[in-house]
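Each remark here refers to the structure printed beneath this line.
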Amino acid sequence: LRTGMPEVIFASGKTIEHVTAIFVRMAQAGGNVLATRVSPECAQAVLAAEPRAVHHVTARCITLEQAVPPQGKGTVAVVCAGTSDLAVAEEAAVTARLMGNTVELIADVGVAGIHRLLAQRGSLQSARVLIVCAGMEGALPTVVGGLVNAPVIAVPTSIGYGASFGGLAALLGMLNTCSPNVCVVNIDNGFGAACIATLINRM
Amino acid sequence: LRTGMPEVIFASGKTIEHVTAIFVRMAQAGGNVLATRVSPECAQAVLAAEPRAVHHVTARCITLEQAVPPQGKGTVAVVCAGTSDLAVAEEAAVTARLMGNTVELIADVGVAGIHRLLAQRGSLQSARVLIVCAGMEGALPTVVGGLVNAPVIAVPTSIGYGASFGGLAALLGMLNTCSPNVCVVNIDNGFGAACIATLINRM
Amino acid sequence: LRTGMPEVIFASGKTIEHVTAIFVRMAQAGGNVLATRVSPECAQAVLAAEPRAVHHVTARCITLEQAVPPQGKGTVAVVCAGTSDLAVAEEAAVTARLMGNTVELIADVGVAGIHRLLAQRGSLQSARVLIVCAGMEGALPTVVGGLVNAPVIAVPTSIGYGASFGGLAALLGMLNTCSPNVCVVNIDNGFGAACIATLINRM
Amino acid sequence: LRTGMPEVIFASGKTIEHVTAIFVRMAQAGGNVLATRVSPECAQAVLAAEPRAVHHVTARCITLEQAVPPQGKGTVAVVCAGTSDLAVAEEAAVTARLMGNTVELIADVGVAGIHRLLAQRGSLQSARVLIVCAGMEGALPTVVGGLVNAPVIAVPTSIGYGASFGGLAALLGMLNTCSPNVCVVNIDNGFGAACIATLINRM
Amino acid sequence: LRTGMPEVIFASGKTIEHVTAIFVRMAQAGGNVLATRVSPECAQAVLAAEPRAVHHVTARCITLEQAVPPQGKGTVAVVCAGTSDLAVAEEAAVTARLMGNTVELIADVGVAGIHRLLAQRGSLQSARVLIVCAGMEGALPTVVGGLVNAPVIAVPTSIGYGASFGGLAALLGMLNTCSPNVCVVNIDNGFGAACIATLINRM
Amino acid sequence: LRTGMPEVIFASGKTIEHVTAIFVRMAQAGGNVLATRVSPECAQAVLAAEPRAVHHVTARCITLEQAVPPQGKGTVAVVCAGTSDLAVAEEAAVTARLMGNTVELIADVGVAGIHRLLAQRGSLQSARVLIVCAGMEGALPTVVGGLVNAPVIAVPTSIGYGASFGGLAALLGMLNTCSPNVCVVNIDNGFGAACIATLINRM
Amino acid sequence: LRTGMPEVIFASGKTIEHVTAIFVRMAQAGGNVLATRVSPECAQAVLAAEPRAVHHVTARCITLEQAVPPQGKGTVAVVCAGTSDLAVAEEAAVTARLMGNTVELIADVGVAGIHRLLAQRGSLQSARVLIVCAGMEGALPTVVGGLVNAPVIAVPTSIGYGASFGGLAALLGMLNTCSPNVCVVNIDNGFGAACIATLINRM
Amino acid sequence: LRTGMPEVIFASGKTIEHVTAIFVRMAQAGGNVLATRVSPECAQAVLAAEPRAVHHVTARCITLEQAVPPQGKGTVAVVCAGTSDLAVAEEAAVTARLMGNTVELIADVGVAGIHRLLAQRGSLQSARVLIVCAGMEGALPTVVGGLVNAPVIAVPTSIGYGASFGGLAALLGMLNTCSPNVCVVNIDNGFGAACIATLINRM
């Protein structure tokens, strides 16, 4: 899987010093570098040490682009239901772009207002792979899956309250999908969704 | 709640003799009678003892109509996603009819094929109350809720396999709905949904 | 659902700047505005930007009334078991009032002291719809449902400790209700309960 | 605990031969004998081998009384919400009687129809200890607890469907009780409830 | 239940001002007062407002004794497995003392070192009622229950890590007890255990 | 998704008559037909009514091939850990073949005997997409994912006992995968895995 | 692990023909053979095909001994709380014997009657490794662990009812053990416990 | 178990003063002392009071060595999948060393990159006992178990996000292991794993 993929740091649970040191070392190796789940403080430290890096605030990611990855053949659509799921959707979008994909982000479409979603049918159907992120709108991947002929990667998010149980409700809803072109990754795993989408988009 | 409501027997877990005896006794009282969760063998025994009763096979219900209940002001729409959820939807429909409602049953509409659902928009929007039953299509009540301006009563069903966990996935999805006109009753409780719909439709 | 309903902001998880900006923009549109789950700091910022807004402290809500919504036909009773469930009950009450309902709040009635509840029977029975919020008193909606002939919307709250599991115990108790006029919304969802009550009260 | 208590066989999971053999051996020892969770076939075999034994059909118990246990000082009330919980309530009642208690069984009182329960207030308040069994009426022990000044032993039952999850909903509701005179035993454990009630009633 | 019982405040989730105000008002009524789950800051405020009150640090309780409650007939033993469960055990002990019981606290006995427990057999067997609090030692009530002839009230605590799941492991272990003289209250509910123990000890 | 896909019947929960009738009707439409989760009795009835159909015993599937679907560009590898997971793996294989893919089935490789798996590295690495089915070997998709550069679709199976909890353990293990080329479908959903694999293999 | 270990068949979920065929083939290879989870009908078929095999009824196992395994250095004690857990304990004992260990089975000792357990202290302390199987006596391994200086392998069993949740209560209790010489295997996995005990007893 | 084992303090949940006082008292008794789950602040206080103590930062442990424990006969390998699980692995390693074992720590081997693990086969196979700690790599113990002939003690860690549910996913994966030489301890319980490994390594 390594060919043409960036080096990746999962920053959550690591000290700022540790993340900075790994980032700098990876940057010196000459390839692209991605850090995910980066706190604002950590981002500041990394950018101080490696000024060429870019901080994607909503995505909580830092990227360093210094190499050209293999290019995806089509567009990866990243879909989410509202501003609350945007962090996960942006993690997916930033990751997919760094991995050589053209990304179209379609935010603020949900199943409770199906017309806004249907209005995006053109964009959805022209994508080669789709990533759909949702916390309270656990059915969004199923509805999108019914509108397109391409593979859909569903990302449950931990956004919600009460009986959302940290993303469990969305996860179960997505696994029980009736659209047979939908598969699922871990709660909040925008990064992983982008990896699979990249592999598919290169085929 | 009793005024104008039938007498009700929840047959599950009761012996055939017990159900038959209660049914006959209630029939003699002169009001309408409803038995739910009736096995085919039990239905045979009840109909032998009370030949005026009607057995609704798919709904697993027996009804005896001998009184005129208060009439609902509009139509109660009962919606489900496929033949698998039909037993629960029919329990709701049979109950609502016996309680004085005009019922329109809209089966075989799901979120994975949104166009069949949108094709029913007319029927959905002309209902005064809606009951939506779904097992694997946990998002159906939310989508329906977004299309109408009336209260939607969601009934999760125990239909499904794997991570549906006996209706839990559908239940959680419905509780996390983004359509603010949706409320939820117990898994498989078509009867209860019809009771609330009746109260609302009489207002 | 939009007709005669306020614009709504769910503030939890949004930055103060974001909430304030949306609130001001919505206020300029001329309709009523509601923000829920507002922290004290956020409320201060919103009121500074829009001095006509009102902060409901216990309810954690901000409202701006500048339009007259369709009026509910009867009273919405909002019932809770003690001071601990008051925040959720007040969210329901503030929302229902802004949506054009006369609201009667009946706090501090519980099932462990049934007589205080029975003493309120008059108020309960004169309501056209009831909202019952409870965390440790998961049976309150069932008991209330047995006393009235109107629809009851049950709101489990996350109040409790130990085996309350963040509202799960109350939620399950309410779903298993034996009163067939009770339906349920998500844990802590006072807002959603008020929306359904409003729809019903306008019928 | 042994003094004045019968020998007990938990028949579930044991072969008919095994249960019969143990029962006969215990009978020969001269004390009282109790077998619980006995199938009809097993009961037939035991009664054939020990004709003095009595089969309590609803309770699924067999008893042999041949000794006089210490007598309880007051009445043990066994309360349940309907015919569905009767098996567990009868297990408690049969056990408590064999252990020397005067037992009053109060069936068919529930929280959804609070007046039938209040009509029994006299019986409830004259009991020295109370056992309350309920599956879908998880709040019954709390309401009873609020009406009396005596210890209440709550027994969740596995009766119910959907989100009752085999008695889990009732169990959680009972643990979250607001009546401080309520304690809980395992789901369906009518026997255990009777043991504690016996100890208390002898004090 | 009220006769001879103190007024009780469950301080968790209430503001310091609120707790102080209720405490002072209750104190003026002349009876005994108990506040549980009190933070150190809250305790300071209450004691400033009512200097006769006593702060029990480990128990996180405040008591005010100004009336003589009915006296228990024997000793209530409060047993726990180690310093970690002491807060819950002390809540039980403080409550039981205020309710008129002689209390013997037996800390630091566990099932992994059965001999220290057996060494306390004398104290255990001379108690009239026992309260056993344990988080990781979920079997302690069962072992104690096997050693004595009196009722045992088991209190699971939320102490533990990993698969203790906030007291769930202890709770399930206690419900599955093989000692028929054991009943259970909510996780961490030392107060409730003391209430039942008091009722029993007065019989 | 419909283009070039067979008509599909999920037989579980449908009567034999119902399945046979749908199968015959679909067969007459001229396309390929697939029935999954077919019992032996049901298969007999379908084959009597449509003798051209083929019964795949282990896969519990019936297929009718009368049209040529679009052909996949490479091989789909279907991998499982032992005979116990074979039913799910065969469902995936039969489905994928009917949808126009060349399928290589690699059974009896597990993580506890890593060398048998490594011996298949050639086959694994030459596949264009992989489907990995496992119940007790929840880590198999992760290990396979680390060996290949292609997308891996993981199918948890309900095979196992004790703490496998009907496939939940495998499902959670697969969602927590460290191989970023792995996505997951519902427990036992061999059919769905084959659908996504088909879409990808046609790209 | 293979050296000196029998070939093993896990019969659950396999057809009688399949189990018989594998057993015969393994028998011909000349080593010892073990089949676990064998139904009575399956046992009959295997013994008909391989008359030298032995059926252990309670253990639900079939063994064929035709080779001498490496001998364990000490005794393996297999402990359980009652007849209900005997099937799992016997599976462990039969497996351990076939793997070359001297086994001492200590049944019918539990934590609710600690003296019967203490009476076995001699046997327990002379074992080199211990296997403790329990369903409702989840604390038995902890108590045994406190009495001995040797490693204890805990096997939760699925025996129990109500809140035992198929062995989950016992499993959680064992994982939370306070005896640091206790480790745990899967629910009902007597076989696995014997494998580890064998490895340790050969050291 | 006490012979040759250090005195141990589980610092989590205890005050700094309490931990320091116990540590000093135990140090005076002359044996070795171990404190686990020590915060940096607590460590500073203990080292100020007992300057001979050593703080193991990653392991969150403090040790005092002043006695020679019985020596293990071989090497204990402590294996983990990445820096995230290192805290638990180091707790196991520090504990095992203080208990007289030679420890080899093998970090940064995982199942997604099986070759790094296979490259360590020599070290793994020369260990007498193995401890394998993993959070997201729940299959690591199974794979290691397949490579060695020695007992493997699996320690699930609480590291992960989303569907890892605080270590539950890893725990279930390890209990369902197909390697019969694997047993499991509580989530994050590196200490307990080291205790059992010590007992085995002394045999």
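The letters A, B, C, D, E, F, G and H name the chains in turn, as written, and every chain counts its residues from 1.
The rule is simple: a residue touches a chain if its C-beta (ideal position, glycine included) is under 8 Å from a C-beta of that chain, and two chains touch if they have at least 3 such contacts.
Owing to the predicted nature of the structure, the values given are computational and were not obtained by experimental measurement.
Contacts with chain G and chain H are shared by E, F. Chain centres here are Cα means. That of chain B falls 35 Å from that of chain F.
Between chain C and chain D the centroid-to-centroid distance comes to 41 Å (mean Cα coordinates, whole Å).
The distance from the centre of chain D to the centre of chain E, each centre being the mean of the chain's C-alpha atoms, comes to 27 Å.
In chain F, the residues that touch at least two other chains are 145-146, 162-164, 168, 171, 175-177, 179, 186-187. Touching pairs of chains, sorted by label, consist of A-B, A-C, A-F, A-H, B-C, B-D, B-F, C-D, C-E, D-E, D-G, E-G, E-H, F-G, F-H, G-H. Residues 1, 3, 128, 145, 149-151, 153, 171, 175-177, 179-187, 191-193, 195-196, 199-200, 203 of chain H are the ones that touch chain G when the two sit in their complex. The touching residues of chain G, counted against chain F in their complex, run 12-14, 18, 156, 158, 166-168, 171, 186-189. Residues 81, 110-114, 118, 136-140, 142-143, 145-147, 160, 162-165, 168-170, 172-173, 175-179 of chain H touch chain F in their complex.
Within the complex, the chain E residues that touch chain H are 83-84, 159, 161-164.
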